[in-house]
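Pasting the structures here.
Paired with chain B in one complex and with chain C in the other, chain A is shared by the two complexes that follow.
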Partner chain A sequence: MTEAFNEHFGALRDQLPGQDLPWLTALRERGLQHFAESGLPTPRLETWKYTSLRPVEKVAFAAEGVPRACISIDRAPSLLPETTESHRMVFVDGHFRSDLSRLGELPKGAQLLPLTEQMSADPDWLASQLDHLNGPKVQPMLALNTAMMMNGFVLRLARGTVLHHPVEVVHLGGAGDAPLAYHPRNLVILAEGSQATLIEHFSHLGDQPYLNNTMTEVTVGDGAIFRHYKLQADALNAFNLATVKAEVGRDGLYDAFSMTTGARLSRNEVSVKLAGEGANCHLNGAYLVRGDQHCDNTTMIDHLVPNTTCREVFKGVIDERARAVFQGKLTVHRDAQHTNGHQLSKALLLSDRAEIDAKPELEIYADDVICSHGATAGDLDHDALFYLRARGIPEATARSMLIEAFLGETVDQIAAEGLCPALMSSIGHWLAGTRREF
Partner chain B sequence: MLEIKNLHATVDGKEILKGLDLTIPAGEVHAIMGPNGSGKSTLSYVMTGREGYEVTEGEVLFKGRNILEMAPEERAGEGLFLAFQYPVEIPGVPNTTFLKEALNGVRRYRGEDELDAMQFVKMVREKTKQLGINDEMLKRAVNVGFSGGEKKRNEALQMVVLEPSLAILDETDSGLDIDALKTVANSVNLLRDPDRSMLVITHYQRLLDYIVPDQVHVLAQGRIQRSGGKELALELEAKGYAEFAGAA
Partner chain C sequence: MAATVETVEQVRGIEKYKYGFVTDIESETAPKGLSEDTVRFISAKKNEPEWLLELRLKAYRHWLTMPEPEWAKVQFPPIDYQDSYYYSAPKSPDDRPKSLDEVDPKLLETYEKLGIPLTEQKMLAGVAVDAVFDSVSVATTFKKNLEEVGVIFCSISEAVQKHPELVRKYLGSVVPYGDNKHACLNSAVFTDGSFVYIPKGVRCPMELSTYFRINAENTGQFERTLIIADEGSYVSYLEGCTAPMRDENQLHAAIVELITLDDAEIKYSTVQNWYPGDEDGKGGIYNFVTKRGACRGRNSKISWTQVETGSAITWKYPSCILQGDNSVGEFYSIAITNNRQQADTGTKMIHLGKNTRSRIIAKGISAGRSDSTYRGLVRISAKAEGARNFTQCDSLLIGDRCGAHTVPYIESKNRNAILEHEATTSRISEDQLFYCRQRGISEEDAVALVVNGFCREVMQQLPMEFAVEAQKLVGISLEGSVG
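Our next item is the complex of A and B:
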């Protein structure tokens, strides 16, 4: 598989964007070298202990430099009500589709562009920001992303700029006539006091398997607020590996929620550095998996300075032979006095063969902190189920009501107007075994 | 309405009901009294089909049909209702949603049209008014953070909304203040009808001051030991259950 990606790189070398930028070429080369040395992550790596990429290796992926979608579409799905304005970007098989996108009017101080356009519009600025949050030892999928990045988006807000409408980024996969692998790269830079909401939606068109290996770098400046919401409803033969690296400045807030219903195998890896005093982070998620799905939520939160807070709750429903992984590491560094950090993983196992591997971890090097963590796994509450049924509610409906209530508590935390009903409806469709219409 | 014949039931392999017979004609209110551990709650769970309660012998005929093979929701559809001794808290499910799903579940079972949101709200408002229940209770999650009295009021509300043919009140009076007790009694009396029966399970005589039974039965050692008129309740209140403790 490692070789296959090397071949992709060789084949695409001349088509990858930013050929005229030596720094980018050097960056790509370093990424490729790093990936060649490490290879695909395996369960031998501590952070990949519960997730094997073997199913990914079984697919012969191609990589394409030019869009070649076989399925033509004239509109993309939205998670927002029609009346809600948004700045919309649509990618099909990793390629930006300006015909389906609607960037709309942005306030002064705001910039939203495809990565390729940013490369030509302001390459020097991009050079100063891209890969900025990655240290020398990145995980292999990130290195691969750096080598192969084709497109993505750049959201940049100047000091004090408030984006009143959400940015909606839609990824549609599986539209080609062969299995494709692509590596979107996104950059979000929010300067001091600015505010934005991003809604990412992963879905699919055709029936080809695909691998979406996304990397998003997020810098939340002092007093800035970034709300980052995601629905991953990819095809059940697809692979979605998403990595977010975020850094939050003084009194800033990174508020994230991700919901997973799709993909044969997915990983939602988020690491957040609370780097300025008073920085906050909410890292929540919900997942519903069945069949032979594998869903991995891995988070790393670093409290680096005093008075930072984090709230993390992941809740999931696992049915049939599906498997979920929750790894949450919360590190309170020596200087991070008065940290307030709480982490919780709750899973409902609906079948005997369903599995959750939960590994909540706390590492505390400061002495004056309030921290907690926990993980629970169990069946639906039998008493509640009987109570509902004894009132005349059929068993299937009663089970659905309890599952919706269980997940609804986390979905309710989302602050984006109009998004909650769409996510609740996704839950409803999952329970009914139907697909949400575009 | 209800005919229980030679009912034997076990919980975790232990026989709790040992040949119970009970007949409740339509329109009558019967009370079952008995000491702790006599099988009162087991009887109510066996009748409503709770998991873990196994019937080893006998039958329960409800309106002439044996209900023991039916799922709990089917029994509710047939018109059976249990007011729980310990109503369950269900976080995240609004009381209104719960009531509407329950009513429409029962209506679908009976082949009746479902009520839409407007019709439902109108109907529930009438019922809360009749019972003197604050509508605010409808918006909260089912029983979550409810006081003991509120939970029992909520049971009473569900009962009058679902209009069962046979309502079983399982120790509804336990842990209840006098106002809540009156609400519950009021709901039962509201439902009194020649086509409707009630089975009031209680440890004390107090509730029977408000809901006057046609018949009182003493349940001990898993069987009905004695039956009589409402005066039997007073006698039990005075003498206790010692007389039945050793009976078998």
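Our next item is the complex of A and C:
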């Protein structure tokens, strides 16, 4: 597989955007070199202990420099009610589709562009921001993304800019006539005191398998607020490996939620550095998996300075032969006193063959902190089930009600107007075994 | 804050190791270094049967191919295995003392300093002591009382001679030689340790105890303990360790194997206070121990209790394999680290049988510049219907230069299993202190009260015989010890 990606790079070398930018070419070369050295991650790496990419390796992916979607559509799905205004960007198989997008009117100081346009519009600024959150030890999939990034979006808010309407980014896969691998790269830079909400929606069109290896870099400036919500409802033969790296400044807030219902194998890896005093982050998530799905939520939160807080709750439902992984690491660095960190993982196993692997981890080097984590796994509460059935509710309905309530708690935390009903309806559709229509 | 300062001083007090002395006794020692010849030398010295030598050699050859385990959160320079002696017995092992009168008085003196009630306090303490002095058991007391009920309690070398069928059947059946590098080394060069067999339906009339003491310079000690509780039996086993002060790091790689058959129970308690090194982390014992129990029978139970205060590096995960239906595994632990100590300890609970239950209570206290890690695995296999686990890990930090870490692995493949895990990390809160102070309790007493409460759940699990020693060692974590 490692060789296959090397070939992709060779084949696409002349088509990758930003050929005229020497710094970008150098960055890509470095990424490729990193990836060639490490290869695809294997369970032998502690951070990939429970997730094997073997199913990915079995598919012969192609890479394409030019869009060649075989399925044409005239509109893309939305998670927001039609009456809600938003700034929409649509990507099909990793390529930006201006015809489906509707960027709308942005307030002064706000910029929302595809990555390729940013490359030509302001390459120097991009050079200063791209890849700057990555240390020397780059994770393999991220290195691959750096080498192969084709497109993505750049959201940039100047000091004090408040985006009143959410940004909605839709990623549609499987539109081509062959299995495709693509590596979107996104950049979110919120300057001091600015505010934005981003809704990402991953879905699919055709029936071809695809690998979406997304990397998103997020910088939340002092006092800025970034709300980042995601629904991953990819095709059940697709692979979604998403990495988010975020850094939060003084009194800033990074509020993230992700719901996973799709993909044969998915990994949602989020690492957050709380770098300014008073920085705060919420990392919440819900997952619903069945069949032979594998869903991995891996988070790393670094409290670098005093007086930072984090709240993390992941809840999931696992049915049939599916397997879910939760790895949450909370690190309190030396002198990061008065850290307040809480983490919780709860999983419901609905079948005899379902599996949950949880690894909630605390690493603490400061004494005046309050940190805790909890993890539970088990079936639905039999008493609650009995209570409902005693009131004449059929078992199947009772189960659905309890599951909805269980996951609903996480959805309730979302602060984006109009998004919650769509997520709750995704839960309802999952329970009914149907697909949510556009 | 005065109380905090006091507490830190208390922790420092513990560090001033009172058992730091070396007894000068002539040892018969194998040549320095490790090779097949060393393994053969040990085996020959112990007059072992062919199958055991084969096992040792197989382990040695496998050991050569194994990489050092690097996953634990501990740091130390690479171990030079050739710079150590692997066998040292007190003088004239062919002519072993028949009774205490024949024991080298110097040896007895050492025990005296350690406070082991070997002679006059025999009956008073009600403890049978199999004292391991370096590598050969010197004296085993209370044998008679035990023999009356059919309990076998002897050194493992003696068991190899007298009860080869039991040893051959169970040795290495819980910890196979290829389990990990340290266990593999032990399997190749283990010198002595204890062997316990409790026959069917017998409740061992007293608590069995072994005191270990590393003595000869540069001798790593490789004990091997094997305890078998046959159907319906019960035994409580105590293990305590002290070691003399020295500057070179000493490797200690022990294996403890426990086996319980139907309805049997083993309670294994440890107080470990080996030399932790000085304030700068110089010297100290490397304690790399593999402890594992197998609940083979129905309704059987294994309970581990440990108070870990010593050693420069602790690498220890007393585990339970819950094979029998309705079997129970327990792990109660207090780990205290100070100065430059590093402890990576925890447990594994492998649920295989139906309705198996496990309970993990781990308390970590870090002070100085030390690091303490809880690392635990709870695995529920698909067949473990109705399995239940509860885990609680709490860490207390004293000072801002230390670290406390929690790394639990929770794996469940059964919907009817219920797993709960909780962990917290904090220091003694100002609110708690204020609350106590407000009620007229002095600051020092308040700290003691809070720390005491923090550890109590584990302290309560210790047998009476250990309570005193544990109290001394934990110091700060018990009533009246602060202020």
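Please note the rule applied: the second predicted complex is superposed on the first by the 438 of 438 C-alpha atoms of A that agree within 3 Å, B and C clash if a C-alpha of one lies under 4 Å from a C-alpha of the other, contacts with A are read in each partner's own complex, and residues count from 1 in each chain.
As a working rule, contacts are C-beta pairs under 8 Å (C-beta built on N, C-alpha and C of every residue); 3 or more make two chains touch, one makes a residue touch a chain.
Keep in mind that what you see is a predicted model, and the values were worked out from it rather than measured.
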Check: Put the two structures on top of each other at chain A: do chain B and chain C fit, or clash?
Finding: fit
Checklist line | Angle at chain A between chain B and chain C, C-alpha centres, nearest 10 degrees | finding: 70
Next item on the list: Report for A:362: first if it touches chain B alone, second if chain C alone, otherwise both or neither.
Entry: second
Check: By residue count, is chain A touched more by chain B or by chain C?
Finding: C
Note to self: Looking at A:353 after the superposition, I want to know if it touches chain B, chain C, both of them or none. Which is it: first, second, both, neither?
What the structure shows: second
Note to self: Per the contact definition in the header, classify A:335: touching chain B only (first), chain C only (second), both, or neither.
What the structure shows: second
Next item on the list: Applying the touch criterion given at the start, work out whether A:372 contacts chain B, chain C, both or neither, answering first, second, both or neither.
Entry: second
Notebook entry, point to check: Which holds for A:391: it touches chain B only (first), chain C only (second), both, or neither?
Noted result: first
Next item on the list: Name the contact category of A:178: first (chain B only), second (chain C only), both, or neither.
Entry: neither
Next item on the list: If you've got the overlay open, could you tell me the nearest Cα approach between chain B and chain C in whole angstrom?
Entry: 14
Note to self: Per the definitions at the top, what is the overlap between the chain A residues touching chain B and those touching chain C?
What the structure shows: none
Margin query: Taking the touch rule as given, give the residues of chain A at its contact with chain C in the complex, in rising order.
Written below: 46, 334-335, 337, 347, 349-379
Notebook entry, point to check: Which of the residues in chain A come into contact with chain B in the complex?
Noted result: 381-384, 386-395, 397-398, 401-402, 404-406, 408-409
Check: In the complex of these two chains, what residues of chain C are touching chain A?
Finding: 71, 380, 382, 395, 397-427
Check: For chain B, which residues count as touching chain A in their complex?
Finding: 48-51, 71-73, 75-77, 82, 84, 87-93, 97-98, 101-103, 105-106, 109, 141, 158, 162
